[in-house]
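A, B, C, D, E and F label the chains in the order they appear, each numbered from 1.
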Amino acid sequence: MEEIVYVNAEGKRIDGRKLDELRPIKIIPSVLSRAEGSAYIEWGQNKALVGVFGPREAIPQHIQDPTKAIVNYVYRMATFSVPDRKSPKPGRREIEISKVSGEALAKAIFVERFPNTTIDIYVHIFDSNAGTRCAALTAASVALADAGIPMRDLVSACAVGRAAGHIMLDLCKEEEDATDAVDMPLAIMPRTKEVVLLQMDGIISKEEWKEAFELGLKGCQQVYEIQKKALKRKYEEIAEEEAKAIEHVDKQLKEISENPELLRGGNK
Amino acid sequence: MEEIVYVNAEGKRIDGRKLDELRPIKIIPSVLSRAEGSAYIEWGQNKALVGVFGPREAIPQHIQDPTKAIVNYVYRMATFSVPDRKSPKPGRREIEISKVSGEALAKAIFVERFPNTTIDIYVHIFDSNAGTRCAALTAASVALADAGIPMRDLVSACAVGRAAGHIMLDLCKEEEDATDAVDMPLAIMPRTKEVVLLQMDGIISKEEWKEAFELGLKGCQQVYEIQKKALKRKYEEIAEEEAKAIEHVDKQLKEISENPELLRGGNK
Amino acid sequence: MEEIVYVNAEGKRIDGRKLDELRPIKIIPSVLSRAEGSAYIEWGQNKALVGVFGPREAIPQHIQDPTKAIVNYVYRMATFSVPDRKSPKPGRREIEISKVSGEALAKAIFVERFPNTTIDIYVHIFDSNAGTRCAALTAASVALADAGIPMRDLVSACAVGRAAGHIMLDLCKEEEDATDAVDMPLAIMPRTKEVVLLQMDGIISKEEWKEAFELGLKGCQQVYEIQKKALKRKYEEIAEEEAKAIEHVDKQLKEISENPELLRGGNK
Amino acid sequence: MRDDILWELRSDKVKELIKVSQRLDGRGLFEYRPVQIETGFSKNAHGSCRIRLGETDVIVGVKMDIAEPYPDSPDEGSITVGAELMPMASPVFEPGPPDQNATELARVVDRCIRESKAIDFKKLSIVEGEKAWFVFIDIYIANDAGNLFDASSLAALGALLDTKIPKLEDDKIVKGEYSGKLELSKKPLLTTFAKINGKIVVDPATAEERAMDARLSIGTTEEALMSAMQKGGTGSFTQAEIEQCIELAFQKSDELRKFFKVG
Amino acid sequence: MRDDILWELRSDKVKELIKVSQRLDGRGLFEYRPVQIETGFSKNAHGSCRIRLGETDVIVGVKMDIAEPYPDSPDEGSITVGAELMPMASPVFEPGPPDQNATELARVVDRCIRESKAIDFKKLSIVEGEKAWFVFIDIYIANDAGNLFDASSLAALGALLDTKIPKLEDDKIVKGEYSGKLELSKKPLLTTFAKINGKIVVDPATAEERAMDARLSIGTTEEALMSAMQKGGTGSFTQAEIEQCIELAFQKSDELRKFFKVG
Amino acid sequence: MRDDILWELRSDKVKELIKVSQRLDGRGLFEYRPVQIETGFSKNAHGSCRIRLGETDVIVGVKMDIAEPYPDSPDEGSITVGAELMPMASPVFEPGPPDQNATELARVVDRCIRESKAIDFKKLSIVEGEKAWFVFIDIYIANDAGNLFDASSLAALGALLDTKIPKLEDDKIVKGEYSGKLELSKKPLLTTFAKINGKIVVDPATAEERAMDARLSIGTTEEALMSAMQKGGTGSFTQAEIEQCIELAFQKSDELRKFFKVG
């Protein structure tokens, strides 16, 4: 195998990014009409869809929690989303990611307001290149907002790690495969910087860890801005539509006031 | 491989049948004592048993339909019923056949009379040689009648298709394996000729399809006669038994009227 | 393969035992704090843990029996408890043993006193060398007593069989693998000698069977004594602890009676 | 539900009658219900048999297949028995994978045949350590009117006696051609007893199974040897009762064996 | 629940409108909803396509893999179609293995493609009797706004037209390199009709599916041949209705086919 | 149910006490419960260990098996960790396949060992691209009195230190004979913290787990390196808290490591 240059003389990574640079991220809320909230995310090559339902009655009854809503997060990957075809059955990795992601969101949602219910968050990855759990969690948080579920804050996620001795943000697959790779998925509630998701694998010293962690926090803040922009855009669109609707009504009212017979005709 | 003559000079097929001829069919209702209705069918080499239960309360409650009975049709094949040993687990083919067969029968049953219930129809194939879904559906309809479940009409099924350019009724396995084979399972309610099951695979023109379809309708009508005969035979047997019972009572009454002391003795 | 001497000139078996001798058995009740009753058993190389829960409400409701408690016995083997790694999924052997063992205990438990409940007995084998079902059943019976579940009698189990023409008690793996091996797991309620578990495989005459059966009964009686000793030891420990507690209270009472101001101080 | 109450009443009647050594259907205590045997039931099977034992209806099919021998017996094939309590067979059976009852049934039938050594597993070897015949015996219960153990054991024996070994070419199966019959050196059969109110009966029907405390199945061969025993149910047996059952098992199985002509 | 009542009301409205040959969304009876096609949706797939049919949203990915051919066709590869009704797609879908509906969907799409012979299975052979290409076509329903059959069939066709065959070296896949495109000799597509109150409409939306008595899907090719038919639902069709649907299927599928440029 | 209320009360007490930096069982905030280690628990295992951490009882067994290496690492073996929360271990565990909690437990123990590189996967290779050792590490929870992560990690390490490699002859395992010990170059261990009412404690017992907001497990080696981290629970941690946990993890794991003599 020929040697890979993870960071070149100009400080650029394999895909041309700087060490503290995220891959391009695109988030679109409200993409699925049957779900109560939804979002689509592209994060580098990663592509995911999220659909949210609830709070709705938890069934069967014996799983209900009388003190709060259950956050049911289901992370799954399409068979063709990885280099080798994945079995359609959920694997152990998918089960673990579902658990820790659900726990991360549960901190942000006002679950105590919806006893005996379940909030179902279904996530599907359609293309992948490292960092899917962070992309999914980021999109899920936007989908929850889209569903109008009350939250303390958004949850913003991104991975940070090490390749070839360099601490870097948002590793791509080739970087994750470096022999000394460390991968640390991280998610926070950006307003308070509370850490709601933290996993790490790879061998690392305390000092390097701290460097990585702090870079990760910065990454999450950038993700937060992108999430807010996506939601804002959506609200503006809604506002625009509403404005148009109001304009339309105004116009009709004006017509009526100018031609009162129209109204009378309608009343007959 | 040597060439197969699908239709010979005399217009006879591999197994000696004419193009519009069904294989021999034998139906026996009421063969299982624990089921509420049942039937056994032999259709060529195909052998199937059907057991019917219900209408009975649908469990668990949340599957109940307050407007009608659920028709639950379960088609399964024995491991040894096919040339290679089949896995005991139900395959996708069995699941699909169960769905379309249940839908076909639901049209014939007065399901709206039995809200919140399930009508369970269990079908098992013990030997097979093409056409098992039609044999099973035909037998299931007789088993439903045997269970006394009110129906608009029987459902009569048979397959029709093409092999080696010939449109023919009720294909056997070798005919189904012809390179140009078309197979079209069909089921109707014979009194109205309404089509309640229709599937087709193979590549066919509109004109050939029409020819096949009309031959299929004729086949279903023949199947209908066989079903009615089987049920009639059963009712005659029951009637015969009843007649015997009446005769026995008459005889006893006569004895009593001739020997009134018998009655007095019994009253003491 | 070199020939194995199953019984040597001095009448000793492969592992030095006599024909009617059990392997060493050690039973410790009350080993698991979260279970309502428990026991640990070592029987030769066999090692098993048993945890008991109940009587507790049977869930879902439709499995409840209004006339008695359901005895739910779950026998399982650890993946590493056998020479080749066992699949973590329960096999057919484990399912069958669970059934017959649960039926054996159901006879001993006063199940009719606990309608609509389930008594769950979970058994796990961590090391094995023939005879695990008997070891497990023996330990389960002690765990039930530990849980305070009322029983007609303990259930005492041991296997008996034949190897190389000799009827012998409590076969080890090598003996079970003899070409003429017969294995007969047996469990009784020792006070009445009622047989509550009996299985047998291997080919045997009536006469040899009788010899084996009677030897088995003797083995079960020995197991009974070991079970009783284990429970007695436990009750003595409890009694000892209670004695200490009483002594402590007595001491305190004495102090109080000698220094009444202590009590008044407490009342203020 | 109504069905359930009916069986409850019948079961009470069974317990009444047994006190005066009578059975609900008028049989003697040690009398089997009528047996009907139909071999060659399925042409796609390599051997098959349908048995009616009274109203109990069981279909068994055999498929021979080639697989790698187990590492600890490289020169042997084997048998595999499966059983399915089909939902048509009783209002209480449900679709799905085999439950405890089906598993027990399959395993007891398996042991009765396997341990009798009626089939010489060494004769099933094709290439040592590589290929051997495995005999898949699948039991389908179509109607459960009681005593599935004996009915299944009869049908399994019938199917095995009907079994043809597929022809091999280059150690591969030639479909539809056969090289001979599967050899059975003896006819192992189960005989099942129910203990009802302290009395022993053979071949229990449904109402009797509901009334019984315990069940005992004994596998025997024509050489007066036993190959399997299985106690079932939540009741118990005394030594004397078991010894009585053993005596009867030899007698009754010899009677049943006559249904199968000498192989 | 509220969702359910809304759909109930919409479905009632559908039945009302159809009496005067009108549809809830103003479409003509034989008019499809707008179609949006995005091929190459997933780079990890060997071929992929996302289809929006109105609000119905379906993603199909194809993976080519090497496996041993079936014994009865040693010189052929094959296709395998799977479908998942993802729980995000509808409030009523639940996570878990494919149910009856997903199984039917996958199998009908499979037959439409397979029987059209658009893919020559013999060309998928690599080494006779040893290795052949198997084409895994996996359908994911992301939003169910009705007519999953046609949306899935469109997405499957789009994904197949996008499919590249991985490069082989010593009969093993070289990751990330391709030796060419998968050949498709024709463009099989399903056209699905709903019968509502005795009237036929094409491309039923959700409210129409709730209102319909029966469904008929017809697989066609550009050569005016049919490759598959599937009736669904608890209603029935008359011969005349079926013949009408066949005529329309040829017309409508030709329109849909124009979305895909000549391969 | 009664059990549930008791734990509820204990959990309330835990939250009370922690305000004054006290624990229910009198331990210091950063004090482990007593550890008992029994290696060689199962002779049929290639390595095994039973750990009692307070009343928490965990048994781990190791089996070495030969399999084909993964295509992307043809000269390496690997490890596989499984975990079962046995129903005897707690009134709330149910029989069945591993749930989310068991899956997380197994995967975190796996990463702690794997990423530490304590086992050199290349040394597990037997024939490149064909055969390598796979180390199956199976965790059984017999009694759950809290902190399953650390107890499982201790038991897994104990079992691995006890593991013998089966002898090979012609690349096949010779049963019951061994060619040496499995090499472990370091002793990776998890240290788990609970955050209760804003305070951090180590080695949480059951009542503390019920009272905690969040959990943090840190895998460390004796070289003051971390190999794994996992946050659990629906609460959160601040950076300062995490840094405190890291410091403590190095200290506490060094103490625990002393239970295992130098390999």
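As a convention for this text, a residue touches a chain if its C-beta (ideal position, glycine included) is under 8 Å from a C-beta of that chain, and two chains touch if they have at least 3 such contacts.
The model shown is predicted, which means the values in this text are computed figures rather than measured ones.
Visitor: Using the touch definition from the top, how many steps at minimum link subunit C to subunit D?
Guide: Minimum number of steps from subunit C to subunit D: 1.
Visitor: Name the chain whose C-alpha centroid is most distant from the C-alpha centroid of subunit C.
Guide: With centres defined by C-alpha atoms, farthest from subunit C sits E.
Visitor: Let me spell it out: compute each chain's centre from its C-alpha atoms, then which one is farthest from subunit A's centre?
Guide: The chain lying farthest from subunit A is D.
Visitor: Quick one: subunit A and subunit C, Cα centre-to-centre, how many Å?
Guide: 53
Visitor: Whole-Å distance, subunit A centre to subunit D centre, using C-alpha means?
Guide: Roughly 59 Å, centre to centre.
Visitor: Report, in whole Å, the distance between the mean C-alpha point of subunit A and the mean C-alpha point of subunit F.
Guide: The answer is 31 Å.
Visitor: Please set out, as single numbers or ranges, the residues of subunit E touching at least two other chains.
Guide: Residues: none.
Visitor: Find every residue in subunit A that makes contact with two or more other chains and list them.
Guide: none
Visitor: Please give the residue numbers of subunit C that touch subunit F in the complex, ascending.
Guide: 31-36, 38, 45, 47, 49-51, 53, 74, 76, 78-83, 85, 88-89, 120, 122, 124, 126-129
Visitor: Please give the residue numbers of subunit D that touch subunit B in the complex, ascending.
Guide: Listed in rising order, the residues of subunit D that touch subunit B are 41-46, 48, 55, 57, 59, 61-63, 65, 82, 84, 86-91, 95, 97, 136, 138, 140, 142-145, 175-176, 206.
Visitor: Residue numbers of subunit A touching subunit F in their complex, please.
Guide: 71, 92-93, 95-96, 98-100, 103, 106-107, 111, 184, 189, 193-206, 209-210, 213-214, 217
Visitor: Enumerate the contact residues on subunit F facing subunit A in the complex.
Guide: Touch list, subunit F to subunit A: 100-101, 103-104, 106-107, 111, 114-117, 216, 221, 224-239, 242-243, 246-247, 250.
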